[in-house]
Every structure is written in structure tokens, then in C-alpha cells.
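Take a look at these structures.
After this come two complexes, each holding subunit A, first together with subunit B and then together with subunit C.
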Partner chain A sequence: MQKITRDVLVEKAASLLENGTVDRVLGWKKGEFDYDLTPAVFTSADDLKDLVWNDFCGANFSKYLIANTKKSASKVLVFLKPCDTYSFNQLLTEHRFDREKVYAIGIPCEGMADISKIKAVTGDGISSIECGEKINVTTIYSDDTVSFDLSDVMAERCVNCKSKKHVAYDELIGEEGDVIESGRFDEVERIENMTADERYAFWQNELSRCIRCNACRDVCPACTCEKCVFDNPNHSLENKAPATSFEEKMFHIIRAFHVAGRCTDCGECSRVCPQNIPLHLLNRKFIKDMNTHYGEYQAGAEVGSRAPLVNYTTEDVEPGDVFEGRE
Partner chain B sequence: MQVNEKKPLIVAFCCNWCSYAGADLAGNNRLSYPADVKIIRVPCSCRVNPMFVLRAFQRGADGVILCGCHPGDCHYTSGNYYTRRRMAMLFSMLDYLGIEKERTRVEWVSAAEGAKFAATMNDFAQTVAALGENKRLEDLRCKR
Partner chain C sequence: MQRIGVFVCWCGSNIAGTVDVQAVSDALKNEPGVVFSANYQYMCSQAGQNLIKEAIAEHRLTGIVVCSCSPRMHEATFRKTAAAAGINPYMVEIANIREQCSWVHKDMLTGTEKAIILGKAAVAKVNLNTPLTPGESPVTKRALVIGGGIAGIQTALDIADAGFPVDIVETKPTIGGKMAQLDKTFPTLDCAACILTPKMVDVAQNENIRIFSYSEVTAVKGFVGNFDVTIKKKARYVNEDVCTGCGACVEKCPMKKVPNEFNLNMDNRTAIYIPFAQAVPKVATIDPMHCNMLKNGKCGVCSKVCAAGAIDYKQQDQYIEEKYGAIVVATGFNPISMDKFDEYAYNQSKDVITSLEFERLTNAAGPTAGKLLRPSDHKHPHTIVFVQCVGSRCSACAEKGKEYCSKICCMYTAKHAMLTRDKYPDTEVYVFYIDVRTPGKNFDEFYRRAVEEYGVHYIKGMVGKVSPEGDKLKVQASDLLNNKQLHIDADLVVLAAAIEPDKSARPLATMLTASMDTNDFFTEAHPKLRPVESPTAGVFLSGACQGPKDIPETVSQASAAASKVISLLVKDKLTGNPCVASSDELMCNGCSSCERVCPYGAITYVDKEFRMPNRTIAIRRVAQVNPAVCQGCGACTVACPSGAMDLKGFANNQIVAEVDAICK
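Let's look at the complex of A and B:
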């Protein structure tokens, strides 16, 4: 269960709309189902009746600021969970929107639920979900309600949350949290310790499910290029690859590389993937390697920091030596 | 050697100012290196973006080697320092995906190192030949 209620957010948003501080509010709204909350823009206090805040508010609004600050005559109100604030800073570092045009409210987060973990128990036919003390799910299969503790169905990114601290805001609701030690590199390490053939099989199994919907790119707060390489029709990278070995590796390597050093590990790519591909494991590999070889670096922790791949020292590791200590 | 045995195809990105000149010197000195090494001249090693490397594999290369000026000698001062970081990260990622790490290499070769150029290419060609054909990074779209 989340610490603050929806009403707190609605009240805040309504008063800021009313006194003219902001003219747009970015918030979550019910989608087709109770669990697929969709990002929405609210422009009046009346609209706000649709605003939702519960255990399914995973969507990170930082990227939406690029388009919305351009449409706003005053400021845009955005609610940011701790992980979202890192993306927010990273976008500022890259000069992607005007800070003056944003009113950012930091909100506490207890972790978000992963619907696929719930569906694994209940099956796909979910008719309603209510979030309170527990997450209560009814299905089309029976009249019974199935209840879950948030901690049992928490998204991987939240289980391994790296920070409860907001690194950017104009106003904070709740208390200031802390950067936390997480086990977010454990899985990467497990893969590193496999043999090359096992690693290959692991990724073949994961990446061959990709349908190249490009949702991971579209949602990524680091992927804000106006022209993306993957939209180039002359590149044979714009659609799904028919390959005997394993599909879509080019796409995935390049996508992960383009965000390397800028990826804040917000976990949005894995959240939106309809095929449940653990894309964060590619991003985290780069983060882990850069931490190991070029010093600890957290993208978005502060505005204006210099990412490892646009930096160097004369003593850097040679490309042939990065494997040292590995099979 | 069998007549129609498939030879490994190697793409060598060579920076114009050092390694390409090194290749020239190897030729002038009549040092031999495998004809399967196809050299692509680039203005600086840092011109090679990771996609070039993947693209080469995609289009049928069995090994990709990148040659540039020695660190500190880049004609654009710092180009090869960036190359070094980029390629280190890319190679590590390829390895993470289970792709043979011996198929990629970075070597610093100066304009005076014709012998090093030939030796590097001979060694790399041998390594790649031992691995056999590149299967793990192939792309059927490019094999029309």
C-alpha cells in the first residue's frame, strides 16, 4: 500500500491549477483495465476526478515533460517517484526541457506491483483490481477475491530499488528518503558467471521473443532523439530480424549502448515490454562495467555530471582486458 | 588446404593517420598478411561507432579489428581514448551475450609499425579461422 493517498495528490493539483501556477498536470489515469494505468494530462480541477494513485503507478513522467513543457503557457505539474527524479535530472543534463516550466512534486513510493506476477497466480482474466491495505483481485473465473501483499508481487525494479531519495523536486510530500544498497547487480553477476554457451542460450531464449514493437525505446527517458536510428528504413534495423541464430540482438545491443552512461536504471523498458524481456539486465551490465572500470557513477544523481562514455582517462582499461578474471 | 574451404572474412577499421599508414608500410616492405583482411579507412579510430562493428558482423564478417594510433598519439588528441572506452564496453557486452570474444580486437598500430601491422593481422586471422564461421552475430536479412 502506498503511504499517501490519491486525495492528497488531487488536492495539491487542484489548488495549483486554481491559483494559476500550473496549467497542465501529468498524472496516472485508468486504462482499459484497472492495472494498465496510462499517463494522462489533466488541465482542470474537474478532470482530476480521473486521477489515480495506487500500486500500479509505475509510469515515469519525466520524458513527457519534453512535449508538455512546450505546450504549457505557465508550468507543468509533475509527480515524481524517487526513481523518476533521476530521469528528470538526466534529461535536464541533456537540456531536453526547460526547468523553469516545471513544478515538480516528489512523492514517496512503496514500490509498484508487477501485473505479470499477479496474473501468474490468477490467470489472465482479471476483471477488477482494488488497491488498499492489500491488492484485491477478482477474475472472470470465479466470484472469489484473491488478495495479494504488495511485497509479494512487487516489480523487480522495486525489489531492487536503488534509492528512496528524491534527487530533484520543488516540493516534497512526505519525508526525504535515502539512497539504498540494492542487489540490482546480482542477476547480472549470475549471468556473467555462466559459460559463454549458457549466456548465449539465455539471451537467445529472452531476445527471440521480442516482437520489435519498440515500446522499450519509446518509453525510455534516455531515448529522446528526434530521429532514431531504428526508424531509418534503409538500415535493415527498422523491423524484426529473421535470423537463424537469435533475433534482435543488434537492436538490443545498440539500444542499450545508446543509453549507456545515461541510463538511470529506472526500469521502464522492462516494465512496458509486452514479452517480459528483462531489458534492464542489458542496461545494468553497462552500468556495472562502467562502475568497475571507470569509477562509480549514477546517471541523474546530479544535473550536469559527465557520463563515463563522454569522458576518459589516459589509464583506462584496454578493450582486450575487460574480460580479465572471467572465463 | 582444401580449395573451396571458406576463409574467414575480416574487417579491419584503420585510422588514416597511423594504422592505415602502417598497413602501407607493411606493403612497401613486402610483409605479407592474409588477403581476407579487408581494410576500411576511417579518419580516426573514434569514427567507428559500435554499430559499424555489429554491421560488419551482420553483413558476414567473421572477425572485426580496430586499429588506431597509440593512446596519446591520436591526431585529434583524444579520439582513441573515447574509442578505448566504447570498445571496452561493447566487447564486454558481446561477451555477456555469449558471443565469442576472440572475434573482436583493438590494436594500436603506428605508421612506423608495418611489421606489427602484418603480425597483428596474421595472428588475428588465425584466431578467427580457428573459431570458424560467425554464426552468433549473423543476420539473414543481409544474406540475400
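Let's look at the complex of A and C:
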């Protein structure tokens, strides 16, 4: 269960809208299902009745600021969970929106639920979900309510949460947390320890499910190009990926390279993947390698920091050493 | 659509011996865009070039592919040929079917197959080539010489003589380098100081030369013709402009027990010091590690005795920024450390010394005023053993020493042996050697004189062990020619230590983006044909930083480097490289990745208005490249996530087309 209530957010948003500080509010709204919360823009206190804040508010709004700050005459109010603030900073580092046009409120997060973990128990036919102390789920299969503890159905990225600390905000609601030593690289290590054939089989199995819906790219706060290279007919890559049976792998590998050093490990790619591909593992492999070879670096921890891949110091590891596996 | 001509060169039998050139020109005839294909014995010859020119005119070619040697050899030739025939020189691509093909293959079938593939890749690229025009950049008419030894001195004097200002940056308080520490010089035995110090004075008096002594280069930016260099002038706590070099401070300084590095720590100096009598600039320097005033504020004698009022205990390190058109590296060498050579007991006995220490022991300005005395008991040694190749010519698997020959040791050891016998005929002198190498004018005659006239015992074989016993050094060695073991009771053992590049060379190479070999010697642009240029444009090499050298060789290389610098500085403008980056502003998302990786500061960001759909205007932050500053390294094109940054002449789509042609 989340520590602060929806009403606190609504009240805050309503007063900021009313006094003219902001003219747009980015928040979560119920979609087709109770667990399917969509990002939404609220422009009046009246709209805010639809704002939701519960264990399913996974969406990271940082990227939405690029479009919304351009539409706003004053400021955009955005609610940021701790992990969202890293994306927020990274986007500022890349000059993707005007900081002056944002009113950022940091909100604490107890972790978000992963609906697939619930569905694994209840089946797909969920008719309603209520979030309170527990997550109470009713299904079309029976009249009984199934209850879950959030901790039992928490999304992988939240189980391995890297930080409860907000690295950017104008105002903080609730208590500030700390950066956490998480086990987020354990799974990467397991894959590293596979033989090359096993590893290929692992990714073949995962990536062959990809339907190229582009959801991972569209949600990714690091994917903010004016035009994605995969959509640009003048770019030599555009006609490469689809021209081969290796397409999905090509797409994901290239994407991982493009966000390397800029990915904050927010985990949105894996959250939105309709095929449940653990895409975050590709990015984490890059993060782990950069940490090993160039020292600990967290993208978005501060504005303006230079990622190791676009920085050079005389202490940098020699490429040969990386190739030979020396550190 | 391009109209491409393909020209396959035989290079005599260099290519034609391993590649079926006819098959290559036939195969490439059918590639897209190719309208003409021929082969010829020497494409770079006048006749070969005429063949290209005629084909361009006759077949109205828009681009050409020359399948020949490395582009480093003849790309410029064929570009000029193309330009003379009226097509843009950047519509020329070279397929390297010699170094990358015929020379590395033995089998005609494999060689031919690969040559065809390389040719196809070049054709694929020319299909996407566009005419390019180079820009120009101005030349800063000032040179920087890093290192003030004999190499740096000679280079600076020659450049200054041509009328260009030169700055010398030297880390020590005085210029002069290793040569200033030497006694006599082979093979003519003139006194090193007598021939060096007039040159040092010339430097000091030359209006075109500025000396930054006790200084180092801390940052280098820019490119040929336009380097921005930061020089750190370390605080010497003495005002250089005021100090007269009278030496009163040195005389009165109470801190007299500081190891004297100029005499290789064989005697002591004071905390405020002038390294030697003929130092340039002749200015005192306070050693902050040993000065009581600087350490704990208790003393101040030097400031009291200084009539000129030059002492300034509050002096700070100073950073100077200066622009240069060319940079000469003259960082020199050092003898290697003897720590790993315990068999010679260098660290156990004071009477085991290196050859450079021997130079100081025989130098009139040295710790013994030129008398050859043992460092331990100041007695005259009667038996001296010289050991050659200590740390030189070591096997690659040995954990100590260098693989290369240090080149100068044979000659200076012959000199040491000869001079010892000349001055002290009662001394027995043994020289242990692997080989005696004396190529050089009057060198072998010199060595033979040592053996034949001066009776130096030259023994082929190495010393296995030196063990101090009482006041003697027991030397165990093998005499390979007589096949027996020798035991010599020596009074003094002199080790001809290998030489290595100065430790400052590697960080400097990084700053200059100049390449080095595995031994940290700077690499030449071409080992035979461009020996004084670094592959980095505008960076030149002088002296032992490039490889072991004696004085005559160093001086001639120093003058050669100077002449290269002069021929660069006389130019008012340099023709740039048209293969520069440019950004597609419609694709650029303003993320600044390119700006951050650009080593030349060629990229800036501007807020620019763009016309958007429905007659709206959007202001977007986009990257712009200054083509005069861009050096075409391509770092930005890799850093750009959007593919907005591309390199002219090496565009992503051109490279992908080449890869496609190879993989097809």
C-alpha cells in the first residue's frame, strides 16, 4: 500500500491549478481495467476527480514533459516517484525540456504491483481490483475476492529498487528515502555465466516473442529523438533491421546501444512490453559493464553529469583490457 | 546515377603476382554504376595517370575507384589526377589490394577473390560520394618545443633563426638536459660543456626564444596550426626577472644537506640552488621540500642576503595559455632504474655506479672536481670493470630490462675506458660486452684505439654476479672467447644502464594524441620517409624521445624537425580536411552528446526557429559544426543517438554500403 493517499495529490494539484502556478497536471487515470492506469493530462480541478494513485501507478511521466511543457503557458505539474526523478534529470542533462516550465512534486513510492504476477494466480479474467492494505482482486470466474500483499506481487524493478531517494523536485510530499544497494545485477550475472550458446538461446527465446510494437521505444525516457533512426528512411539503419530474420534482436541491440550511458534503469521498457520480454536486462548489462570498467555511474543522479561513454579520462581502461576481460 | 571508372593497378608483380588483375577489372565492370574498367602495370606512373584522365574524358566519368596500394601511398596522387581531369578529388576511392590483399595472401584464388570484394566495397562507396570542398584555417606563427635538452635547444635555435618565435618548456630549473651532465663527448672527446653552453647562451640571448624553465605542459587543445597549450610555471620562489644569479643566497643557505640531483645525488646542494655554473636561465630556485622557510616559516636567510630582492616565498604556480602552430616533442631519455638488477649489487655498494654517475665523477664540475675517486672511501680505484648492455637487449620474456639496443653505451663505455687509461695508466680496465656496436663516422676507429692504444681489456661475455667483500667488489664473469670463468677483484664497477624515454612522455603523448610504441618512444609518421613527424599533424619529434640516439644524430634530427616546423609556419593558411562533421538539424534533438565528445570544441548549440505544420514555428536547440575547427575525427557521429551527426566523405550510409558490398 502506498504511504500517501490520492486525496493529498488531488488537493495539491487542485490548489496549484487554481492559483495559476500550473495549467497542466500529469497524473494517472483509470484505463480499460482497474490495473490499467494510463498517463493523463488534467487541466481543471474538475478533471482531477479521475486522478488515481495506487499500487498500479507505474508510469513514469518524465518523458511526457517534453511535449507538455511546449503546450503549457505557465508550468506543468508532474508527480515523480523516486525512480522517475532520475529520468527527469537525465532529460534535463540532454536539454529535452525547460526546467522553468515544470513544477515537480516528489512522492514516495512503496513499489508497484506487476499485474502479470496477479494474473498468474487468478487467471486473466479480472473484473475489479481494489487497492487498500491489500490488493483485492475479483474475477469473472467466481464471486470470491482474492487478496494479495503488495510485496508478493511487486514488479521486478521494484523488488530490486535502486533508490527511494528523489534526486530532483520542487516540493516533496512525504518522507525522503535513501539510495539502496539492490541485487539488480544478479540476473545479469547469471546470464553472463552462461555459455555463449546458452546465452544465445536465452535471448533467442526472449526476443523472438517481440512483435515490434515499439512500445518499449515509445515509453523509454532515453528514446527522445526527433525521429527515431528506425523510422528515418535516410538513415542506413532503417532498412537494416526489418531486412533480416535477426530483426528483433537487431532492433533491441541497437536500441540498447543508443541508450547506453543514458538509461537510468527505470524499467519502463519491461513494464510496457506486451510480450513480457525482460528488456531491462540488456540495459543493465551495459550499466554493469560501465560500472566495472569506468567506476560507478548512475545516469540521472545529477543534471549535467558526463556519462563514461561520452567522457574521457586518462584513467580510463584500455579497450584491449576490456576485450581481454581485465578490469 | 554515377558513372564510375575502375582502374586496377598491377604494381609490377607486387599486386599482379598474387591477384589476377584481369579478373578483378572484369568482375568490377558489372558492378552498379561502373561504366569503364581497366588494369595497368603502374597506375601511379605518368602513363597510368593519363589512362585515368583519358577515361574520365571519354566516358564522362563522375567518380573513380583505383584498386592499388594503401591510400596513404597514392590517394593524394590520384585525387590530383582526378582534379586535373575535371572531377572533384573527393570522388576518388582507393581499394587497397596491395597491403591488405596481395601482400598478406599467398594464394592467387584467395587474393583475387578478396581484391574483387574490396573493389566492390569501394564502388559501393563512390556511388554515394558527393563532391567536397576543403576549407582553410589560419596558422599561428609560433612553435612550442617541449624539452630543453640539446634536441630542444637545436630545434628552437633553428626555428628562431628562420624568424619565428619559439617557446621552450623545460621541467628542470635550467635547460641543457643530459648533455650538460656529460664530461667528454665521443668520438672527438670535446668537452660537453664547452660545446653545449654556447648554444645555451644563444638560446638565452635569442629574441625569438622564450624559455619557460621549471615548467610543464598541462593541457593541449586544438590542431595543426592552432594548438592551445596550457603551461604550468611552477613556483620557484624567486622572481626570475629580478634575480641576477649572483649566488649569494646559495652560499648563505643553511640547509646544505639536500641530495644534488644534477650530480645524481653523489653530493649535496643547498635548499636554494642553481643547478650548475652555466645554468640558463641563471636564476636560483628554492626547493620547497627542503626549505625551512617554506616548510615551517623559520629561516628567511636568502631573502636577507639577496641584494636584488628577488626572493618571494609567497610565489604561486602560474598557468600560462599560449597559442602555437606547431609542437616539437624533445622530452629525451633517462637511464633505467637499477633496482631490478640485484646481481650487480648496485643498491648494496656505493662503488657500483651507472655510466652517467661515472660521467659526473670524471667531470671537473662534478662531486670530486674531476678526480676519479670511489664514492665509498674516496680512494683512487685501480681495477675498474665496465658492464655493457645492463638492461639493454634483454629477452622479451625477461621481467626486467628492455628488448632494444640503447645504442649509445658501446661508444661512451669505450670513451670512459680510454679516458681512464689515459689519465690513470696504473688502472686496469675491463669491459664486458655482448657485441661492440660502432657504426658511425670515426666510431670503430675510436673503439679500436681504446683496445689497441690504451690497452683496455675487452672481454666478450657477461658479468654474472658482483658481490661486495671488504673494500673489493668480487666480479664473476664469463669469457666466452676463451671459454673460461673469470674472477676479478674490482674497486669500481660501472654499469652501462639501458636508456628509456622520460616518464613525462606518456601523459604528454595522450595530451597530444600522438602515438607511441610499446617502449613509450614516440612513433614517427613513417619510419623511413617521415622520421621527424608524428602521425598527428603539427606534432614533430626531436631527439631521444623517438628512440635511442647519440648527440650527432640528435642534433641532426633536431634540425630536421625544425625545418619541418618552419615549412609549416611559413604558410599563412592550411588547407583543411573537407571530411568534416555536419548535423542534420531536422533530426538533431539537442542532447549535447556530440558537443561533449568533441575534442576540438567545434560544436556549438543554437536555438533555431523551424517552420512546423499548420504555419506554426517551433524553436529547437540544434547542433552546429564549425567546419574550420572540425578535424573529422568522427567522435560526434558515434555519440549522436539520433543519427543526426554525420561525417562528410565517411557518412554512415557510405560505410554501411561498403559493409553490405563486402557481405553480399
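In the analysis below, the second predicted complex is superposed on the first by the 298 of 327 C-alpha atoms of A that agree within 3 Å, B and C clash if a C-alpha of one lies under 4 Å from a C-alpha of the other, contacts with A are read in each partner's own complex, and residues count from 1 in each chain.
The working rule: contacts are C-beta pairs under 8 Å (C-beta built on N, C-alpha and C of every residue); 3 or more make two chains touch, one makes a residue touch a chain.
Since the model is a prediction, treat every value here as computed from it, not as a measurement.
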| item | value |
| --- | --- |
| Subunit B versus subunit C as contact partner of A:201, first or second or both or neither | first |
| First, second, both or neither for A:314, with subunit B first and subunit C second | both |
| Touching partner for A:71 - first (subunit B), second (subunit C), both, neither | neither |
| Which superposed partner A:3 touches (first subunit B, second subunit C, both, neither) | neither |
| Touched partner set for A:190, first subunit B, second subunit C, both or neither | neither |
| Touched partner set for A:224, first subunit B, second subunit C, both or neither | second |
| Contacts of A:94 with subunit B and subunit C, given as first, second, both or neither | second |
| Footprint overlap on subunit A, where subunit B in one structure and subunit C in the other make contact | 229, 236, 309-311, 314 |
| Touching residues (chain side subunit A, partner subunit B) in the complex | 191-192, 196-203, 229, 236, 241-246, 249-250, 253-254, 256-257, 260, 282, 285-286, 289-290, 293-294, 308-314, 316-323, 326 |
| Contact set on subunit A toward subunit C in their complex | 70, 93-96, 222, 224-229, 232, 234-237, 240, 258-259, 262, 306, 309-311, 314 |
| Of subunit C, residues touching subunit A in the complex | 507, 510, 584, 586-593, 596-597, 605, 618, 620-621, 639, 641-644, 652-653, 655-657 |
| Complex contact set, residues of subunit B against subunit A | 50-51, 54, 58, 71-72, 78, 81-82, 84-101, 104-106, 135-142 |
